[in-house]
Amino acid sequence: MIQSMVHVLLALISAPLLQGVINRVKAFFGGRRGQPLLQPYFDMIRLLRKGAVYGNTTTWIFRISSLAAAAGPAAILALLPLGRVPAMLSFNGDMIVLVYMLAAVRFLMVLGAMDTGSSFEGMGASREVLLAALSEVAFMLCLAALAAAAGSFSLSGVYREMDTFGPVSVMSATVLLILLLSENCRIPVDDPRTHLELTMIHEVMVLDHCGIDLCLIQYGSALKLWVFSALFSGICFPFAGRSLWADLLAGLAGVFATAVVTGVIESTMARIRMKRLPEMLSLASVLALTAFLWEILV
Amino acid sequence: MIQILLLASLGITALGAAACSMPFLKGRVAPLIGGYSAAAAGGAALLAAILVLVNGGQACFSSVWQLPFASFSLKLDQLSAFFVIPVSLVCGLAGIYGTGYMADEGNSTGGRLSWTWFLLLMGSMITVIAASNGILFLVAWETMTVSSFFLVTRYHEKGEVRRAGWIYLTASHIGTALILVLFAFPGAAATGSGTLVHPACSHGLFFLLALVGFGTKAGIVPLHVWLPQAHPAAPSHVSAVMSGVMIKTGVYGLLRMLTCLGSPEQWPIWWGWVMIGSGAVSALYGILNALGQRDIKRILAYSSVENMGIVFIGLGVWMTGASTGNALMSSLGLAGALLHVWNHSIFKSLLFLGAGSVAKASGTRDIELTGGLLGRMGRTGLAFFTGSAAIIGLPPLNGFTGEFLIYWGAFSAVYGDNGFHASVSGLLAITALALAGGLAMICFTRLFGTVFLGSPRSENAGKACETVGSMYIPMMILAVLCLAGGLLAHLVVGFLPGVSIASGTPEVLGRIALVSLALPAGMLLAGALRKILLSGRSTTTSDTWGCGYILPGSRMQYTASSFSLPALLLFRGFVSLRLTTRSNGEYFPNGLSLKSGLRDSFMHRLYEPLFRSLHRLSGWFSGMQHGRNQLYVLYMAAVLLILLLWELGV
Amino acid sequence: MNGLAEILIMLLMLTNFRLLGSSRLPACISTVAFQAVLLGAITLTTAGWRLSPWVIILTASTLAVKGVLLPALLRKAVRDVGISREIQPFVGFGTSVLLGAVLLSVCFIISRPFLDSAASEQSRMLIPGAMFTIMSGMFIIITRKKALTQVLGYLAMENGIYAFGTSLAVEAPFLVEIGMLLDVFVAVFVMGIVIYRINQEFDHMDTHKLTELRD
Amino acid sequence: MNGYWAVFLLPAAGAIILFLTRKNRVIGPVLMASALIHFAAVAYLLSTGYDPAAGSWICPDPPGKLFLAITSGLFLATAGYTTGFLRRDREKHPRRNDTNYAGCLLLFLSSMSLACTSGHLGLYWVAIEATTLASAPLITLHHTPRSLEAVWKYLLICSAGIAIALLGIFFLATAAGEGAGDMTIQGLLGNAGSMDLVWLKASFILLLVGFGTKTGLAPVHTWLPDAHSEAPSMVSALLSGALLNCAFLGILRGHSICAAAGMGDFSGGLLMIFGILSMLTAGVFMIRQTDYKRMLAYSSIEHMGIIALGTGAGGLAAAGAMLHTVTHSAAKGLLFLTAGKLVWMYDTKKISAVRGIMSFDPVTGVFWLGGILAVAGTPPFGVFMSEFIVLKGLLEKQQPLSVVLYLISLAFVFVAMTRLVIPMSFGRPSGNRQRPEAGKGDHSILGPAALALTLLTAGLFIPASLWKVFTRIAAFMGGSGL
């Protein structure tokens, strides 16, 4: 039980570090030294010291959307197992709650974006909800496959059982990786560093946030990255240590390894065309479906 | 005690209906009588139903009704009580809302009569759910249809309202024809012995008849065409009642018929498949069409089709679980479906009442002409926000609990090691629910964002003002119920009729309530942190970022159709999307217009061609009545000869 | 005794052919009158043992109404209307006669089952004869254009039915028989009035042009 | 000479008074008086259960009594409307003398009463022929070309049909052979067992086609839409509501004799075929209808089809069919009288020219839409009850095919009718006449209101004693005799 408390604390503290690792890996591939590992922390502290400017068309929805962006993933951490370390709160159906908590955060973020009344944010919101609709299907099917494979309906139970490296876990790992890339606006789906509003998806929804709101949003997206990395690494690197402390360390290593993997993917791949994104996500759902049928029929 | 309450509620509706139809009522008296008698009747019926549900058992009342095969016998057992609660609650609140909404047309004859029909509708709905005699059920069923027909054609000056009324009347009448057969089976309409019907024919045929008959009223896909036409045409508080609870009488009817078909374990497997299939198709088709609509009430009507699809998926999971012997799956499926029936009637009526206030305040139902109403209609906006969040199924609110139980039922088929049928049907249920959930997110962010957020797109949207108190209070009550439904579901789940709850469920629902409370708590914490940090600093307002464009106008905002167009283009196969671009002049066009519209592909490809061919066919036949006298006598001679030769075998 | 009945029935069949073949209205009216006379004779011959004063009065009244009164009424109508010939009906007169022959054979075929269970013996020839009269009456209604000719067709049908009624069936009460006779008379009388009014309104009598009422 | 002689002599006397006096003033009182007295006489005779001696010519059997009650009730309801209508119509042609017209109306009533009460088949035939002749002049009140054409068709086709029915009666007599006595219904039913089957079958076919023409069953219904749409409304109400029932009485008696002779399923089968054919034809012809009175005429054909179907199926369905005669007559009377009002208000019979009745004259609007919903079979009204009982009877007799066709044609007619009526009753009024001052002495509201009341009570309140009457008639038709 303490291990899961420690995992949550570590996650809250070291989530932005993941983004630092990704940037350093991309810099390394670009032959540059890159920004310091703690750069995300410096940005957040800089933003915390700023005042706030709100658009004149915005209402209370805009103000609570940034709060939700941070509070949502923080709440999800309670449900998140790290490898064989069980989550703080684990019960039948926590995987469904996780998916729908993410949906709740996305709902508020999208409404916040539409509140500003700008065409860019509207476009971002429209793309965001379309991709979310498809990725949710893939996510659910992948969870179904994992539940079928592990024979339990709670995330911690699943991650405890999934110790072998069979075909189902490979397919679910790929699906989880695609989901990680699409939910956290990494390169193949969406470029976090672009400045051209028309090409953005997630970034453009936060165009009008500044100061503390922007800091909360960045912190939230870091936590979300941690959540997806934990989900992915639990399946991709099934390491069964002797004691829970060893599992905790292994889990952390897995998370940072996922960050490195993401960095490698980001620097080697270019963005996929906007029209072909739905096909990629439906590929993910098909993959999850085959994993499920494999589990049922074989 | 319960009988008295039930009869009191029916009495109040009857008396109120009679009172409202009196010609000498002046001014605002009629809406007041109508509204508050609806509230009183609703309260009485609600109390009766809760009493029955809480202390189990049933309450019967029957008296002689001088009609062959008929007896005025009401029976409020668990299932009926469960369905009376949403009916009485929503009708009461809609009545109160109506007093404010129909205030300005109170004294016109049409206004007064609409209250008579409203009370008749409420009374007949309660009678339908409580009836335990075939004839009483049928009479109440059709009175419900006729009274809602008159309400739908309230504003009959407009041509499409008349057409909607006709489509509605014929669709429900054809549905009733099938239900008629159910009750006409020999040995049917057993009076007083509780079960409405003993099927004398094969159970499969009986089930199909019940499915199609009651499916028409529940708005399941091939039979749903009337729903998006009729509900927008009615006044808002009526469409709230129709969409919120009237389509539930279809689900109630189906469940009541299923109880007559013996225990679920013996049901054949294909029943479950039919239910899940129709539910999945309805859910996806309903929400996809909702994406493309511009009329706010038509969006909500299509989303009712979607939610009915979800209820049918839940029932399908229940039936598949029962017939493959998976007890957990069947109990969870039924619990999820029934809970979703409750939740849907609450948040759907909330959304329709909100839509009514928006339409009344901004003078239009077209969401492309509204915008930025949250600033001017804060309270309605808050209620609508809660409703939209609930309908998408987000955790703290009640939409999530129903869907969660259905998910759990489907997953229990998947992770347990039971047969092929259960797991594949579970998979189908999960995919349908997930995709419908995602699309619902698109639909309702689009609706709420376009109507309430951003800047107003037309001048009377800019001048909109908050609604009257009597319209706002029912919405607030419903919003609070949404929240309560989400957080206190574990208390209620024990009382669901016909559901043997597995031990862990209430405890899991309690955990979910806890986790979902973490989100608002976290937001409060972050908000407090932000407030402290910002206390010393300057918070100013400025224009939204427009890439430096100096004259940002409201036309620059993302419109509703552009918001949903990518999704519609992706699912073009399922819906008949029409994109018409018109430009005058070949090479130097000075004007270009793009119009994107969505036609109901079932109406457009199935029913209209059917009616056209019937019309042509009857044209071909009506040549027979050509007016020539001699040929008429020839028909007579021909018939005579044919009969003589055929019968006498000459 | 029944030899005479055979001849009368055969004459009845011949009158039908004459009715089918002739185009002049006055000729048709006289044929129908002659049929009525034949009818009376047949009833008398076949009445046989049931000859009672009532039957004689009845036959006399039938002769009076159908033989004299109705033809007079119809001839007056023909004179008022001024049309005396049926011009190109739907089926030519020659072909009508041929079709009449076909109808006769059909009648014989149809009446075969009735004959082997016929109640009384001497009706052997009567059933096909009467049936042929009815069928030719209907044939005239169907193929002729003028309204008056259709009335004649109706009268021929009535004669055929009477042939059945009075001879085969057990005699009905006197009042009922007179009632039937009165009805036929009033029917033709009313039809005459209507024809007169149609002729005034449309100044023609072709019923096939009356097709304004249709779907 | 028993009580029932008075029932049909009374209106005849009224007619003779009118023919002699030849004064327009007298029409109103004489008409109302004879209608009231006739209704009172019928009510008295039926309530006391007066049964004349078995062998006499005038002794109605159970269905006859039922149809007599319907006829006199309907005539009373339309009498009020008729006087008002004739007075209003004379405003246009002041010099016209209507006594002949009213006299024919009373003769029409007396012949229908004779038809219902006659115990002797021959006499029944005379009465039916008399109804045709009495009602022919009623159709042409205005001598327009269309009404003349309607009369001519009505006369010719009906007379031909009834002649065939007479042939059928003679076949029945020969089938009964020597021992038939004088062809009274009881007599025929008595020795039905010993009848010659070939003649009996042929006679039923002739009766069915003959009287079917008069009842308007499908292939031979062609005169009905023309006659009912061209006649003035109160006459078409009587034609549809009362005359069709009386004509159906002939087929009913033929069927009961066949059933008594053991040929019940033969005649029942034929009846059901004709019934379903009529319902389908009505549906087909109603879709493209442009004239609302013709629509009502086709609806009569459909309902006579339902009655034939129910009678053919027998048992519970037959009882339902008999209830259906009552509810159909009430509904059709109400609708035709309201249609009369519409013709007066909008001066046209075209459906497309009539808009917004509800807002133009709410009372007529409620009667019109309520009537149409009733006749289309929505529950609170009686028509639904009878249709439901017929359905229940059909299912009890295991007739799946006829149930399917029955439901399809009912739905078909409902769709067609509401499609035509809803645009008429809603929307902005297009009537050029100013709002009619309702109830200025022309008590034309009483008739429809009374009919609407009977329709509603039939739907909600049929006491067990009344229901026993219908089951007794069904038993009579089942061939088990009285």
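The first chain written gets the first letter, and so on, giving A, B, C and D; residue counts start at 1 in each chain.
Just so it is clear, contacts are C-beta pairs under 8 Å (C-beta built on N, C-alpha and C of every residue); 3 or more make two chains touch, one makes a residue touch a chain.
On a predicted model such as this, the values are computed, not experimentally measured, just so you know.
Enquirer: Among the chains here, which has the CA centroid at the largest distance from chain A's centroid?
Expert: Most remote chain from chain A, centroid-wise, comes out as C.
Enquirer: Report the inter-centroid distance (CA atoms only) between chain B and chain D in whole Å.
Expert: Here chain B and chain D have centroids separated by 44 Å.
Enquirer: Just how far, in Å, is the C-alpha centre of chain D from the one of chain C?
Expert: Going by mean C-alpha positions, chain C sits 31 Å from chain D.
Enquirer: Taking each chain's centre as the mean position of its Cα atoms, how many Å separate chain A from chain C?
Expert: Centre-to-centre distance between chain A and chain C: 100 Å.
Enquirer: Let me have the rounded angstrom distance from the C-alpha centre of chain B over to the C-alpha centre of chain C, please.
Expert: So the centre of chain B lies 69 Å away from the centre of chain C.
Enquirer: When you check chain C against every other chain, which residues touch at least two of them?
Expert: Residues 113, 138, 141, 150, 207, 210, 212-213, 215 of chain C touch two or more partner chains.
Enquirer: Note the residues in chain D that touch 2 or more other chains, in rising order.
Expert: Touching at least two other chains: 149, 152-153, 156, 160, 198, 202, 225-226, 285, 288.
Enquirer: Which of the chains touch, listed as pairs?
Expert: Touching chain pairs, listed by label, are A-B, B-C, B-D, C-D.
Enquirer: Can you name the residues of chain B that touch chain D in the complex?
Expert: 66-69, 109, 135, 138-139, 141-143, 145-146, 153, 156-157, 159, 162, 165-166, 169-170, 173-174, 177-178, 180-181, 183-186, 188, 614-615, 617-619, 621-622, 624-625, 627, 629, 632-633, 635-636, 638-640, 643-644, 647-648
Enquirer: Inside the complex, what are the residues of chain C that reach chain D?
Expert: 113-114, 117, 119, 134, 138, 141, 147, 150, 154, 157-158, 161, 164-165, 168-170, 172-173, 175-177, 179-180, 182-183, 186-187, 190-191, 194-195, 197-198, 201-202, 207, 210, 212-213, 215
Enquirer: Can you tell me which positions in chain D touch chain C when the two form their complex?
Expert: Chain D reaches chain C through residues 57, 120, 122-123, 125-126, 129-130, 132-133, 136-137, 140, 143, 145-146, 148-153, 155-156, 159-160, 163, 166-167, 170-171, 173-174, 177-178, 180, 182-183, 196, 198-199, 202, 225-226, 229-230, 285, 288-289, 294.
Enquirer: Provide the residue numbers of chain B that touch chain C in the complex, in ascending order.
Expert: 622, 625-631, 633-634, 636-637, 644-645, 648, 650
Enquirer: What does chain A use to touch chain B in their complex?
Expert: These residues of chain A touch chain B: 48, 50-59, 61, 63-64, 66-68, 70-72, 74-75, 78-79, 89, 91-94, 96-97, 100-101, 103-107, 110-111, 114-123, 125-127, 129-130, 132-134, 136-137, 139-141, 144, 147-148, 150-153, 197, 207-208, 211-213, 216, 278, 285, 289, 292, 296.
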